[in-house]
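After this come two complexes, each holding chain A, first together with chain B and then together with chain C.
Now for the complex of A and B:
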């Protein structure tokens, strides 16, 4: 028994060395000017003072908010709809299969599939008979990517909702049916309250994931054209590894962490009370 | 009836891009034309297209590396996580709860907070653009979830099993490998599948910590091929690469949907 601390050591060491230490280090770097070569120069709040005046950052925050709001409405909302429509149908899994297929595609695979569709003169242009360059103009490049995101993420949200819906007790639903409730009122007054704990989990997951949106944007537009479709995570990557401003990039990472942490905290607090 | 109709219409919309992916990934590489994208070519060139992609982006070496990462790291992580859970729950490590909180706390850091120090340290230690470095990062990221799930799982196992085994003279290590680890099979599998998918699909760490095709994870290489779609990679070649490379996770996901969903909601608590 005397070696029992030894069993926990690999986990603690790995997490400490590769997660905690870099985390704290990035926190420190956010207060410095650093190009990765010369030693970091302490700069106080300089990076943050620059951040609030950086027009690229404002665009990035606006886009991130669009991603968060859009994710709640589309993949989560539509996912709930598909789940509620199909969870107690005979062969419901077959009706859900079309939504499940895209989920396992990665961000990179997603880019492969959608670029020829959304490109200028591509399939969507021909199908809709319009000449819009969906990925090349500012407001709708983010919206177009949000639709692609919906195509991919709907399935997993549906799946989570279905697992939850199938595990809620049958008795209250039967009782309400006998009392004459059906359709919308059955959903609104019986099913919805019963599935609240699960909805909280799904919305929480989607909230955190959407705040950190990176892969799909990087693959489809790399944040461009210009910097018009950057999210906070993309801005961080570009400032750090493209512009080699490690200190400034770290400040963006800190901002992203604070926003994500604050959003999760407020969300959890609201769920608990 | 209306329910079925809505589901079918929405389902057909969703199948559209999937259909385009399949049809155009099989088309001969040179014959892609957006206005005829909906019409199957009647030929099956998927494998030739994929072979072209393999050659063009050195995808083969990258696939081998990615397979190594997505098997080795989750395997290491579930064992390391299980060891931690076992020590905390079964061996009743003093201050175990706090050790657990420390390990599980690792899930809250956004990857963006890790990249710069990892990049700088890896460059100094010669781990940059090395497979060992990638395995280390992926393992570390996978450990907190594994520890969380396995700790919960071991809490549900009767302590008398441990006591009985001790009576019979088994060492704590033997009890772990022979009794507790096999008992946790399903939990281990759920975590493994989730981590496998995460690592297989990772783009960001690959971008920041690797350079050569041999070490680069496949999604990062694929993303590079992507930005060349207009710069010369024929659409069918790109689609074939995307399709073949996604097959392992698509099949794994479809085969284990429920386990997967359980793992996901476990990880979020």
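Now for the complex of A and C:
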């Protein structure tokens, strides 16, 4: 048995060094004042006390909630719709393919592509014949970025739901149809409950992804103008690396970790029970 | 057996470490970390020249994100992997790393360079802390207005010499559906604030930088109101426009762009010709009664660390950097001005502002980015970014910046 531990040890050490150590270090920094240069000064709960009074944090939380709710409605909800409408069609994969292609882009790449489209005087303004600065006004800037996010994420959610739909045993569906069920009734009372395990995974992943939204926002607006489109993850980055307030930024990181952990736990607990 | 292996390894490590201490590695190529990724070619050109002249080449390590770059350099202070040379910012940013004793003292280089006439005495204060100099000037820049000459010619406009004339130019352009000025909500959101405040009351600008005045003082509020009236008048492009300012000027989207003389490099990169495609003028004061025209000035440092891998080589390079031989190349290839007064500037307008600045014609005002302590600057950049999109919120913006200033100055007087 000892040799097994020997094989596992390098991986365990790697994870400990690259994940647990920074995690603990961030936790420690959240109780300090630290600018990245001078030695960290212990500040107790000072950073957290400031955090709850920071108006920028409220904006951040509001935007993060928009991202969470929007992700559930758009990429997940629409993904389910596209999957249900196309999963049993002949050549359904071809209908779904256009939705899948944007998934090949990274979050940063997505921002780079859409930024000139949505900027003032950009391609969207020209095509729509409007003079709107989509990325300038809150909360429109967050909603605009959410639509871009939907454009990218819809395909992968559709794919996951299609896999779920195709793995449902045929017998209960046929039995329900014989009993006269169909359309919405069939979906609501038979298909949806049978898909529950997969839906839990899709929603769980989307929940975590939306809570830690960073790359697309940073590339498209850098959280601005005037911090109006910041999410919790952007606030964490901005306070840590732009403002060089490593202690305060770490406190935001701790808050984000607690929120994400708690949301995931409550959601999964509800699914299990 | 195991004991003997451990003992052998221990002796080997000891010998290796002794050898390292005794024989400091002599470098022939220095790493130059910088946040000017677009300038890699120019750093490489300088490396080729320095290799030929002093036997030290340069390998640029360019970054484009300033925040990430600063975090990287700060992290390097605590590790064994240190850059040989690195670029930084003067003002509060340089002061904080000097305070931590991380930056190599360059007093000897400065003394000799000033004696030889390779660096002007006036520049020394930007690099001096507690009577000692740190780093050498990577570049200097004077801020003014770049303008699209073809647009000006088309509407019969000439570079203004008074603020009223500048506004008349903007009005003429507006009547012809041309946006007069470029501005942005990201990073360079401070440009018009510093220019208008320095051109109205440069003393107030200085007091604001040192915490002796408040952002909510009437003089500052009036500047914001004037700026707001110009935005409301429709003189500016939309701050959310993502077009590169150089392209915005080139394609006539904005007729004028206010930047430092380093912006000339962007013109050079686009094969634009000074005097034909574009021009440059000093922005006139708003307050005509001021004795001198206020010109925003900046200087970026090239530094070495106290614990640099080969301190002698780094110092040798910094010393060479200040010489006419190096500065001639550095200024010419980028089409920019030089910190060395002996270097002749090819561009006529830039050469003139350098000469005039050296003769004391202007009141040089330290750029807002360097003059403002970092925590206040961060709040100000956010604030001005909000202001340019929502000018009506100028009072809230000033209050927010002042809040950050109060917090900072309460512990840093």
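Keep this in mind: the second predicted complex is superposed on the first by the 269 of 273 C-alpha atoms of A that agree within 3 Å, B and C clash if a C-alpha of one lies under 4 Å from a C-alpha of the other, contacts with A are read in each partner's own complex, and residues count from 1 in each chain.
The rule we apply is simple: a residue touches a chain if its C-beta (ideal position, glycine included) is under 8 Å from a C-beta of that chain, and two chains touch if they have at least 3 such contacts.
Quick caveat, the model's predicted, so the values are computed rather than measured.
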Touching A:182 in the superposition: chain B (first), chain C (second), both, neither?
-> neither
Report for A:35: first if it touches chain B alone, second if chain C alone, otherwise both or neither.
-> second
What is the contact status of A:11 with respect to chain B (first) and chain C (second): first, second, both, or neither?
-> first
Where does A:104 make contact in the superposed view: on chain B (first), on chain C (second), on both, or on neither?
-> first
Partner chain(s) touched by A:254 [first = chain B, second = chain C, both, neither] | first
Which partner, chain B or chain C, touches the larger number of chain A residues?
-> B
Could you look at A:228 and tell me whether it touches chain B, chain C, both or neither (first, second, both, neither)?
-> second
Identify the partner contact of A:135: answer first if only chain B is touched, second if only chain C is, both if each is, neither if none is.
-> second
On chain A, positions contacted by chain B and by chain C | 36, 115-116, 119, 121-122, 222, 241
Any idea which chain C residues touch chain A in the complex?
-> 67-68, 70-71, 74-75, 77, 96-97, 99-100, 102, 185-186, 237-243, 253, 374-375, 378, 382-383, 385-390, 397
In the complex, chain A residues that touch chain C | 35-38, 115-116, 119-122, 133, 135-137, 222, 224-228, 241-245
Contacting residues of chain A [partner chain B, same complex] | 1, 3-5, 7-8, 10-12, 14-23, 25-27, 29, 36, 78, 82, 85-86, 89, 95, 97-109, 111-117, 119, 121-123, 125-126, 151, 154, 156, 159-160, 163, 198, 201, 204-205, 212, 214-215, 218-219, 222, 233, 236-237, 240-241, 246, 249-250, 252-254, 256-257, 260-261
As the complex stands, chain B meets chain A at residues 3-4, 6-8, 10-12, 14-15, 17-18, 20-21, 24, 32, 34-35, 37-38, 80-81, 83-84, 86-88, 91, 93, 99, 102-103, 105-106, 108-121, 136-137, 139-141, 143-144, 147, 172, 176, 197, 200-201, 203-204, 207-208, 219-220, 222-223, 226-227, 229-230, 235, 238-239, 241-243, 245-246, 249-250, 252-254, 257-258, 260-262, 264-265, 268-269
